[in-house]
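Okay, so here's the structure we're looking at.
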Amino acid sequence: MSLWEYANPKRFMQTSAWLLPWFTGLAGLTMVAGLFWGFFFTPDDFRQGSTVKIIFLHVPAAMMAINIWVMMLVTSLIWLVRRHHVSALAAKAAAPIGLTMTLIALLTGAIWGQPMWGTWWAWDPRLTSFLILFLFYLGYLALWEAIENPDTAADLTAVLCLVGSVFAVLSRYAVLFWNQGLHQGASLSLDREENIADAFWLPLVVCIVGFVLFFVALLLMRTRTEIRARRLKALIARERMA
Amino acid sequence: MPDLGKYAAEVLSAYGVSILLIAALVGWSFLRAGRVRRALEEAEARMKPHGR
Amino acid sequence: MSRLSVTDLACARGGVPVLAGLSFALGPGEAMILRGPNGSGKTTLLRTLAGLQPPIAGRIEAEPESLAYAAHADGLKPTLTVAENLAFWAAVYGGRASPEAAMAAFEITGLAGRRAHDLSAGQKRRLSLARLLVTGRAVWLLDEPTVSLDTVAVALFAAAVRAHLAGGGAAVIATHIGLGLEGSATLDVSAHRAAVHAAPAFGDDW
Amino acid sequence: MSRLSVTDLACARGGVPVLAGLSFALGPGEAMILRGPNGSGKTTLLRTLAGLQPPIAGRIEAEPESLAYAAHADGLKPTLTVAENLAFWAAVYGGRASPEAAMAAFEITGLAGRRAHDLSAGQKRRLSLARLLVTGRAVWLLDEPTVSLDTVAVALFAAAVRAHLAGGGAAVIATHIGLGLEGSATLDVSAHRAAVHAAPAFGDDW
Amino acid sequence: MIALLLRDLKLAFRSGGGFGLALAFFLIVATLVPFGVGAEGATLARIAGGILWVAALLACLLSLDRLFQTDWEDGSLDLLATAPIPLEGAVAVKAMAHWLTTGLPLTLAAPVLGLLLNLPGPAYLWLLVSLALGTPALSMIGAFGAALTVGVKRGGLLLSLLVLPLYVPTLIFGAEATRRGAEGLDPATPLLLLSGITLGTVALLPFAAAAAIRVNLR
Amino acid sequence: MIALLLRDLKLAFRSGGGFGLALAFFLIVATLVPFGVGAEGATLARIAGGILWVAALLACLLSLDRLFQTDWEDGSLDLLATAPIPLEGAVAVKAMAHWLTTGLPLTLAAPVLGLLLNLPGPAYLWLLVSLALGTPALSMIGAFGAALTVGVKRGGLLLSLLVLPLYVPTLIFGAEATRRGAEGLDPATPLLLLSGITLGTVALLPFAAAAAIRVNLR
């Protein structure tokens, strides 16, 4: 049987019902473990003092914020090409999570910026592109809300997601071109030289894994809700006809 | 409780805000899930009698 | 061969299936009157035939670019004059037909210079019907064309339709009143209400 | 005494005199049908009676706050539901009459929760007529009320008008089709076209 | 009256038109200005107050042409004019609805955006106060402009041309109050003048606006 | 096609909507900003280029929601969609009409307003060039946004919310080019990128927009 079988709502409900508890459990475990480790059992950084602890929220959130948008892009494409309702609904279900993650990255970042850079907000490229990403999420969700015919909404939001992604990349480069920033570079690069100390690195990885699992679990649940809502709409419509 | 030095406020507020946001998201998701599930169940119940 | 043939068509509005199992064919010179109570799906059918919304089932066959659709809404630009409104549509449709003839056919030549905004309801309607003549399309899809027309104008309209049919055209007309188009087939859409279980993907029971 | 009495009325539209020398009176229980070809001035007359535009001559007498006007346009808010639209107007007019009864009278109770945007043309029309019932006004001024109504709805409308008249109300109705309101006076406005020289100040010759 | 207020609010929310529109627009401007003028904190700090006031003013202007236009197009303005509630009242109520969906949220959002444009510390309070006092005037003046242009299809141009000059005093006093606040001077005088303007407009303009509408409906 | 272009232009002129509206709005912003931020020449000079670009962008945004909305409301969009001209072409033409009535006048008016904001001498040329190259992209992107929101009654909020982030790159490169011009640096790079964006959007977005409209008409 092909993978697309799972895109059948009924089928998805069955499999997800089986998967959900596992992911929920794992997500809870890793997240709590990672954050505890990060908060309680990591040393202070010689420069940044205890503020490094923020990294365990900030970086995973920031990564998820970006990756969730990518995931939405993929599901939108699937919807446009294969017309599988589940994937459209998955995109819809993911958006609020992405929005929250973006917000967390922004807020923790802002809070971090106060001691480190002496300002809540600086028009640093990375910060700025995140602000833009935030706006993208807002627009995407607003469009979903504004259109009540679900299929129309799915189509339009998918198109928006495609075009938006292109412009998001454009904006990223534009912003880099516009203003050089004071934000740190990638600290998870593969060559261990320029990596942050293991003392931070390991718990950070755990946190990241935790955030990923958390996203998957919540996504499954929210998608189930969306499917139910969709079916409810269809049933009511049918009732209206009868 | 680790001693957070002079940055206690920042670190704590960062964790506070984040956990609050996540909790809000999860809570809202659960609420909506429950509401929709119940609505759907009673709708299906309503449908069944007078068949399709 | 037929101008417009519909086989086993089903169409939905706002995601709700409205009509199902429609089949008919219109040859040159034939007209079809759509009847049915308010909300029975006439507009939905016409929009589907016009290609504005995809059918949820069945086939619609017509020569490409042979359809002209006239909706409930007039599609007039209030700030353009009567003549300008017609001239625009004539140009869009290749400008074969002359706006003058169209205005004459509905006796609005005297209003040619008037802004559409300054027309009375019936005058607006006459103008939007005159639009049909400048499209030069073979199949007319008309949604309650006689709304707020006086008896004279209704007669003018009937004459225009007859001329169109005589010229080998065809027409599908949704209406609630008699048009005096004797000898044209009638289709009561309320007889084709979509069966309730024909709901979209999520509707069928799991 | 009479609900509405008009003496030697003249009215203009967009600065152009359209009607002149109109005189009639409507007592309780009386209805008046306005007839006349497109552009003859029915809408203009009704707007003048409703007080939306001042007459250029003559007098209009009616009890204050006794008129309810229903225009070509529906005056519905597409984003509000049927019930909300009615409830709003009911509240504006003091909320004596109940929206439920009004909806029932035009058989749209089933649509109460539907956004006006998702209604069919006729359903919209029914709603805007139901609005009249919640105004609780004594004199109805109706401009082509039956547009895009099906035969059932036309009957419902006629019944509503009869009930209104029986309740001591009055109505002035502009229409092009028969309403089955037997025994109501008819006024052909085209018989009262304003003489050309009755143009406004700058028009008359010096 | 209350029914009308509730309806307008409902419409604004349903169609995302009012409420959000203004906020989003406000946010837009605050985000775009740095892209335009560059990101040096000093420059931004100097212009922040003024930019925010201008942005608020534009946000008001933006949602104005819909104030009566939609009602006019779908015929409900005719019906309102023939309804038992006095047209003056209706106008005032509609202006109030406009303020509730525009001026108020703008005022509340202003400090956050001040952060983005790093507005100097002391200015926050006075920005908030001056907006709270000034925006009602913006809505009322705007309602008057909208009433004048309601007949004109897409009278957007006219509207902005008419309303702009009327907005200038409000803007000057409002921005002035903010600037004085920023520089630690006493902003009492401009604030007083500002509230004077607001009271005057709210008291008198409804009548002018209602008259204008009656003329336009003829 | 040409017929459609002429019609849209005619409509814009008749109803003062497009053309004048944008210009007036542009003028408004340019005149209000000094009132808001205070009139020290130095500050103004520094922000002039950016402000003018932001103002131009807002002026475009302002007239966008009318691009398809009016046609949709009076039913002519249905008729256009069933007309023999391809919808993609219609969209492109409408975007072009929007540019002719908005972007072009803005570009031509910009130098004059530059005087008001005492824009530094060398910047004039580059402001003109960057606007000329950039505004078509604004219109086209806007047309896409308008197509997405045409079904939504009073989708003004949505429109600005959707279009704003898409405008960012255009704005940045445009303003950057102006600033470099003002500082006597070489504005070639941003101008190249700008024209790249313009060409890309004009080439691709009509299809996305037409698709969106078709979906909305269903």
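Lettered A, B, C, D, E and F in written order, each chain numbered from 1.
We take it that a residue touches a chain if its C-beta (ideal position, glycine included) is under 8 Å from a C-beta of that chain, and two chains touch if they have at least 3 such contacts.
For clarity, every value in this text was computed on a predicted model and none was experimentally measured.
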item: Partner chains that subunit C and subunit E have in common; value: A, D, F
item: Most widely separated chain from subunit D, with each centre as the mean of CA atoms; value: A
item: Comparison of C-F and A-E by number of C-beta pairs in contact, larger one; value: C-F
item: Gap in Å, rounded to a whole number, between the CA centres of subunit E and subunit B; value: 36
item: Intercentroid distance (Cα basis), subunit F paired with subunit A, Å; value: 32
item: Interchain centroid distance [CA atoms averaged], subunit D/subunit F, Å; value: 45
item: CA centroid of subunit A to CA centroid of subunit C, Å; value: 48
item: In subunit B, residues with contacts to at least two other chains; value: 44, 47, 52
item: Multi-partner residues of subunit F (at least 2 other chains); value: 15, 73, 152-153, 155, 157-158, 161, 164, 168, 172, 218
item: Shared-contact residues (touching 2 or more other chains) in subunit A; value: 135, 142, 146, 149, 178, 231, 235, 238, 242
item: Residue ranges of subunit A in contact with subunit C within the complex; value: 9-10, 13, 85, 149-151, 227, 230-231, 233-235, 237-238, 240-242
item: For the subunit D and subunit E complex, residues of the former touching the latter; value: 47, 50-54, 65, 67-69, 71-80, 84, 87-89, 91-94, 131
item: Complex contacts: residues of subunit C adjacent to subunit A; value: 14-18, 193-194, 196-197, 199-203, 206
item: Touch list for subunit B against partner subunit A, complex; value: 1-8, 10-11, 13-15, 17-18, 21-22, 24-26, 29-30, 32-33, 36-37, 39-40, 43-44, 46-47, 50, 52
item: Contact set on subunit C toward subunit D in their complex; value: 14, 36-39, 43, 72, 118-123, 125-126, 143-144, 147-154, 176-177
